[in-house]
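Single-structure report; data block below.
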Amino acid sequence: MGDLMETSTAIYLSMLLPAMGVLINMVLRNQPDLRDSLTFAAALGTFLTVLCILSNEGNGVSETFVMIEVLSGLTIAFNVEPLGLLFAILGSGLWMVTHIYGIGYMRGNKEKDHARFFACFCFAIFSVMGIAFAANMFTLFLFYEALTISTYPLVAHKGTTDAIKGARTYLGILMGTSICLQMVAVIWTYTLTGTLDFTRGGILEGHVSNAMAAVLLALYAFGIGKAALMPFHRWLPAAMVAPTPVSALLHAVAVVKAGVFTMLKVGIYIFGIDFLASSSASVWLMWFAAFSIVAASVVAMTKDNLKARLAYSTISQLSYITLGIALASSMGALGGAMHVVTHAMGKITLFMCAGSIYVATHKTNISQMTGLGRRMPITFIAFFIGALSIIGLPPLGGSWSKWLLIVGAADSNELIMIGVLLVSSLLNVAYLMPLVGRGFFLSTNQEPAKSEFAEGPVLVWMPPALTALGCIILFFYAGYIQEFLMPIISVP
Amino acid sequence: MIYAFAILAILIAMALVLVRLIKGPTLYDRVLAVNSFGTHTVLLIGVVGFWNGRPDFLDIALLYALINFVGTIAILKFFRYRAIGDVMWTPPQQDEGR
Amino acid sequence: MRLIVYALLLGALWLLWSGIYKPIIISFGAASIGLVLLITHRMNTVDEDKVPIELSPIKFLGYLIWLLVEIAKSNIAVTKTILSPTMPIRQNLFEVPYTQRTDLGQVIFANSITLTPGTVSVETETGHFLVHAVSYSAADMDALANMDARVSATELAGSS
Amino acid sequence: MSNLDAVLQILSWSLIISGSFFVVVGAIGMLRFPDFWARLHAASVTESGGVILLLAGMCIQAGFTLITVKLMIIGLFLFITGPTSTHAVANAALVSGLRPKSLSTHPNSNGLEDDKR
Amino acid sequence: MLVITALAVVRTRSLFAVVTLSGVFSLLSALLFITLDAVDVAFTEAAVGAGISTVLMLGTLALTSRSERSEKKTPIVPLLVVLVTGAAMVYGTLDMPNFGSPDAPAQTHVGPEYFERIPKEIDVPNAVTAILASYRGYDTLGETAVVFTAGIGVLMLMSGLGRRRKEDEDDPDQEGGSA
Amino acid sequence: MFEEMTVDFILGHLNYWFFIILMMTGLYVVIAKGNLVKKIVGLNIFQTSVFMLYISIGKVEGGTAPIFPMDMKIDPEMLYSNPLPHVLILTAIVVGIATTSLGLALIIRIREEYHTIEEHEIAEQETKVSFYELNGNQLTSGDNS
Amino acid sequence: MRHHLILRVITKLLVGTIFLFALYVQFHGDYSPGGGFQAGVIMAAGFIIYGIVFTLEKVKAVFPPWLVHKVVALGVLIYAGTGIYSLFYGYGYLDYAVIDPHHPVHGQHLGILIVELGVGVTVTGVMVAVYYAFAARAPSLGDEDW
Amino acid sequence: MASAISSEPVHHIALTLSDQLPALQVLIPFVAAPLVVFFGVRSLAWPIAFLASLGSLAVSVLLLQSVIDGSEISYHMGGWAPPLGIEYRVDTANAFVLFLISAISSVVLAYARGSLKAEVPEKSHTLFYALYLLCLTGLLGVVITGDAFNVFVFLEISSLSTYVLVAQGSYRDKRALTASYNYLIMGTIGATFFVIGIGFLYMATGTLNMADLAERISEQRDSRTIRAAFAFIVVGIGLKAAIYPLHLWLPNAYVYAPSPVSAFLAGTATKMAIYVLLRFMFTVFQPEFLVEIKILEAVIIPFALIAMFAASISAFYQRDIKRMLAHSSVAQLGYMLLGIGSFSHTGLTATIIHLFNHGISKAALFMGAGCFVFAIGATSYDKLKGLGKSMPWTSAAMVIGGMSLIGIPGTAGFVSKWILVQAAFENGWWSFAFLIVLSSIIAVAYVWRMIETLYLSAPIQGMTAKEAPLSMLIPLYLMAFSTIYFGFATDITLEASKAAATGLLSGSSGLR
């Protein structure tokens, strides 16, 4: 297939379409059907555009397209490389899914202010595209902040006091870390090396001592608040006050993925895996990530609220990716990159199931959901499949990424980390399976014996079912993904 | 020489008047003192001009005499009628007094 | 007529005070006089007071000389009062009738009273002034009547 | 003619000295006199005696120049405005009710001494 | 005498006295200017400082109040500020040339040059006017603008009607006095 | 520093210090006193003393006022005082009066609104206004929320 | 007989002289101490004393407020306008040589006179305007406060 | 207008229009002001003012274009060469500030047309615009001049008109009068200190021209008189620039003034003062002097840091938008001072570009606040609840401005903050870099409070708020969008700031 359109055009188009989505939602605020379908069209268009890019570039690296030079030597520039392209595909694809889900949820739950909701959603996707295609850390930082700002109204959407408080925590931590730590790290990097371009092999080698590299890495790691590395993780549970499509977006599609994506980009293209290994700058990060993995899982077990449990699960899973980088081995990095995809698929399933349960029954706590599985079989089965993927069992996609991470740990001679990963899987079982069990196998006295089919509206149970299928499909295509991602770790 | 003596005299007089200005006790004492001070100033300007050997500064003396006059009248107008430009106050009949 | 006399007077003042007789300055002087006349004319139109000057210049000069002598005498008298250890003050507030016809004449009288230390004209009323004296003696009334007559004498005869 | 000059010098000096004397006397009176009404007169000593003598002395020093003219004009101005100011102050005091501390009686007084303030 | 006047201003409570003292201060400074050979300045100071300024302040007093009613505040902070500032100034004077010295930088640079050039270029006896209106005429234009600004500023601030006594029923200071 | 304190030095600088004392008195009045009019008077004293300092810079020993003879025949032996400070101070005096008149106009308006010209009384009134501004709404709308 | 006889008569006699003195100071600024500012103040003093003695309404009839406002602006315009005249002919702003290019010194002298006139005009206007503003306010104090 | 009419006298070369630009910069508003008063017609007042402001803007653009390459223009007033005459000296530093001042003036004037009617009665409008023009004249005059005393004169023109303009807020709130009075007292003390400083300088050097002063000061750097002069000048200007703790007049003045006045002042007045500080510190006293007296470490930097934090924290505790913005301005001035304190090319670039960026951001924010005043007559948070719904455009503009205050990427504020942190790094000041970003967090707090109030609070019952009219919204959005524009298209601002910094750091270029 020849080039349908220039890569540069495609990149800009992939951002323009979500931006237009914002406009559509603002202008057509009072015509819900037209508005929502046009937005879906924009989502579809974005996905197709990204596919075009895929066909143009494959897993190679494109040239850099500079949009504007803001400060001397600092430009807003975009390019295509495998990791970013993967993220873009993920984002635009899952946008379509979550959009449909969002329509159903909002209408089903009779939420207010749909137009504002979807407008911010579009803006968030716009930011995600910018992050995905950013060619240098400056551009990435710009869109990173835009993402924070555009998701704030989503978190605060319900407008209740709790929602406002939660949104405040969300913003406070994310913006606090990004301004105080990440920005400092970026400027420091620029001062040291004179550039911020993402380069294979990293740009820091030779410009900074090993000790300083560790400090710099710390600034980045804690500064990328969206990666929810403990102790800057509290924003995630706080954001649970948001409507579920937002949670879906946050936990699967956009925010956290942007966080770990950034972590990966920094690790691979700013520091460089080899430099990380040779300087041992990331050893401490390994231990922090490990702690985060285990601690978050433990906390998850204590939460009765389903969304809260899932939130802590996400924290734990994100730290997998951070660990992947911190292992300073190619397999580890690869595992982390792949986990981006597999976790996304799995988690989005779990969240949409939670939302489906809420729309149908208005229940939020696991203890309330006894026997629900029999009445909402599709949802619970989808949940079960998603949980398996998270736990990391074949034939679900999650098993591949976990396997790569274990190999990566072995490569770096970090046997303890292998142990951590395995323990974590057990803990995953401990906090995910109870819902399935309770839903299908337990019953309460109060409940009538009849098993009505009580699923929510179609638009609400269909998407999670689809993504659950996706988890299964991923298992079989994981190999392709691994191959696709190979260039990021191979030395040029 | 002789001017120095005159200057000294006028300065002493001014100092004495200044004391009266500070002491008061009534408003009118102070107004009188100010007016007198002004007259002294006019004289002093004249004498100092002569002393310096450049007596063509008498313009300033005339200016000050003018300012002194206008100022005194303004002060009185203020404090008798408490505002400039009010309709002219007519006193109550003299037999009643105040 | 009056205007021209006034203009000439102003001109004399200008020239006397100035000391510079270049043409440019003289022309400025003329312009200034013109402006002053304009403004004073407006002032005359605006209020009902006109101050007719109906004095005989020569007699006035004579009066002035007499006044100077009086001033000298009263100065010495008051100085004595100031410097004497007991300060013999006998204040009094009394009326003094005047006989001048014109406003200006009355003013000259009143001011002359004030000019001579020892007496101050305090209030002007119809037909008389209120005068304050610092060391009053019976002779003062006569002295004042004398002054009054002399001032009236300087006025030109004319209708009231 | 030096004789005339000497005479004029001495004359002017004496005028200036006596003028200064009156100036100081007036100021002393301002301080010494017991109440406002008396002080009025002390001030007018300076105003009349002091001014005239000092200016006259300076006129002689200056000779027949423009300066003398200026001095005379200043003197004339003070002559006119001085008593006017004094009168105005006295008038204001009277109207506001200030009265002399002690009044002697006289047939022509209009009974004001009964009003004490 | 200047110092006495200034100190008296600090202590006196009667505002009328304060204002007249201010007038006296201006007057004395005008005299000082004359002794320092600054006649134009003395002229202006006499007219402006002693005349206009005093009259305006009296007008203000007539419209406001007659005496000061301050509370007892500790004067520590102001005293400190004043001492520090004064000390800084004294420090600055230590390297200054003596009073009246003819080879001070101020006298040897631009000053004499004016004297050389004025007869040739402007030919006006009053050097101050020559500099004021020609060499530094732009400053004077600015100064005129300042006067203009103050004029229309006062107009803007005071153009409303002042309260007439009779209308002012609820003013506690008000007395039904006649105008 | 004290080595240079010869008599000549002290005499030559006495005038500066004298003016500084005046300045500080004026400044003290502005800062310390609470009556608005007195502050303006203090400001005037402060400024006028600064002018005196400037003018004394221009004075030359044995000099005279910088006005040439009418015929512009300048005697080369004649010492004139420096006219530049005079020019600056003329400007400054006028600026000062402009400021004073604006300040007084403001005081009159303040008196009309606040019925006082003492700083502490004004501050009391303003605190009350601010208080009502912030809490008045709660008082009135308390029943609504 | 009206009161304030003395004041009224004397004031009437003197105002003309005061104005003349003001104009004298204005135009002799080149030769002796003086100039625009001082002249303006004296001029205003003349109006002020007239206003004090003869009431505000009367002096406003002589020098109406609308005229005062125009005069205030006019002075500045004269001064700035002289500079613009210089600009117009390609000289630096306020370069008086433009007035008489053949005799620059004479031009200087003329220029100085014109700008000082502008200054005097504005200062007169402003002082009178300020006086009108202050005088027009009726006092809000009762007698007892005195 | 002008042309090359040559005339006989020997040494005169006719000046062209472009030569006359420096004079015209100040003249256009200068002449417009008395014209407004002279005509006295209310309907002419605004058009004359607006046209004059636009003219001034045009001239400033032309000037900036000709000096941005680092050259300097010298204009002799009255045809007299300095140091005898007064000189206007234009280089990149002041051309840039001239551009800022006239640009903000024009936009705010456009805005004032609608806004003023709600805050000041119509009868005062003519004089209002005249005073506004005078304020503009003063600001421009201070910035463009090369003579130290001339600075004082035009400073007072702008100050006096400002005092009156602030007092015009008394129609809404009588506290404007005391605010104006306090401003007058403090401002005059500051100006007098400045004059004292100039006097000391004159005593020591005998000249008033800045370039000449620079030469002479460099010959006697350890003179105590010179040092005292420096102290007085810095304190005097510091009062005008609202450097902590000399900023006490600012909050009240900005809060109670009419909204166009607050917007204009917030964008220009303190910036002009910072410019004067820069000019005196670097061109007149020159960098070597600064190093000798260690002023930067001892005074500038500590006070900068204090301002950044103390003022940001107090901004957070305010319950009124305008007051919050005013305290925020004091904090932002701290950033500018820190840039000066870093004494490097990057640092000065940061200061100058922040001068510009903060100017436009704050002007936009105050204009937005004025829209609130127009709609509901108040700016306190408890009255602004929920207005994000009924006044969406105004609120959105406030959000944009707020982003710029925080320094979110994509806004002008981000650019200046980046350069400032960069400057800190270049000097090896890790802790300062952190302090800068830390204070930005406090900015997040107080901006977010505003956002929460507007968007996430329930509106007050019975409050009917209509969006502000187009005549106010369009200028507001012009300013708000320029905040975003200059966050991306930094070529003009960056080039100008860099050239200005180079010029300043190289000291004085001497008499022409």
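Residue numbering begins at 1 within each chain, and the chains themselves are lettered A, B, C, D, E, F, G and H in the order written.
Here is the rule we use: contacts are C-beta pairs under 8 Å (C-beta built on N, C-alpha and C of every residue); 3 or more make two chains touch, one makes a residue touch a chain.
Keep in mind that this is a model prediction, so the values were computed, not measured.
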Chains contacting each of chain D and chain G, listed by label: B, C
Identity of the chain that, by mean CA position, is farthest from chain E: A
Chain pair with the greatest number of C-beta contact pairs: E-F
Greatest separation from chain B - chain, by CA centre: A
Where chain A and chain C are represented by their mean Cα positions, the distance between them in whole Å: 103
Intercentroid distance (Cα basis), chain G paired with chain C, Å: 29
Mean-CA-position distance for chain E and chain B (Å): 19
Inter-chain centre distance, chain C versus chain D - centres from mean C-alpha coordinates, in Å: 15
Multi-partner residues of chain B (at least 2 other chains): 14, 31, 33, 52, 56-57, 59-60, 62-63, 66-67, 69-70, 73-74, 79, 82-84, 86-87, 89, 91, 94
Where chain F touches two or more other chains, by residue: 27, 57, 64-65, 67, 70, 84-85, 88, 90-91, 94-95, 98-99, 101-102, 104-109, 111-112, 115
Chain H residues within the chain G interface of the complex: 1-9, 12, 14-16, 20, 23-24, 27, 30-31, 33-35, 37-38, 40, 75-79
Chain E contact footprint on chain H (complex, rising order): 30, 33-34, 37, 77-78, 80, 83-86, 123-124, 127-128, 130-131, 134, 137, 141, 147, 149-150, 153-154, 156-157, 160-161, 163-164, 167-168, 196, 200, 202-208, 216, 223-229, 231-232
Contacting residues of chain G [partner chain E, same complex]: 29-35, 37-38, 41-42, 44-45, 48, 69, 72-73, 75-76, 79-80, 83, 93-94, 96, 104-105, 108-109, 111-112, 115-116, 118-119, 122-123, 125-127, 129-130, 133-146
Chain E residues touching chain H - in the complex, by the definition given at the top: 88-89, 91-97, 104-111, 113-114, 117, 134-139, 142-143, 145-146, 148-150, 152-153, 155-157, 159
Complex contact set, residues of chain B against chain D: 2-3, 5-6, 9-10, 12-14, 16-17, 19-20, 26, 28-29, 31-33, 35-36, 39-40, 42-43, 46-47, 50, 55-56, 58-59, 61-62, 65-66, 68-69, 72-73, 76, 79-80, 89, 91, 94, 97-98
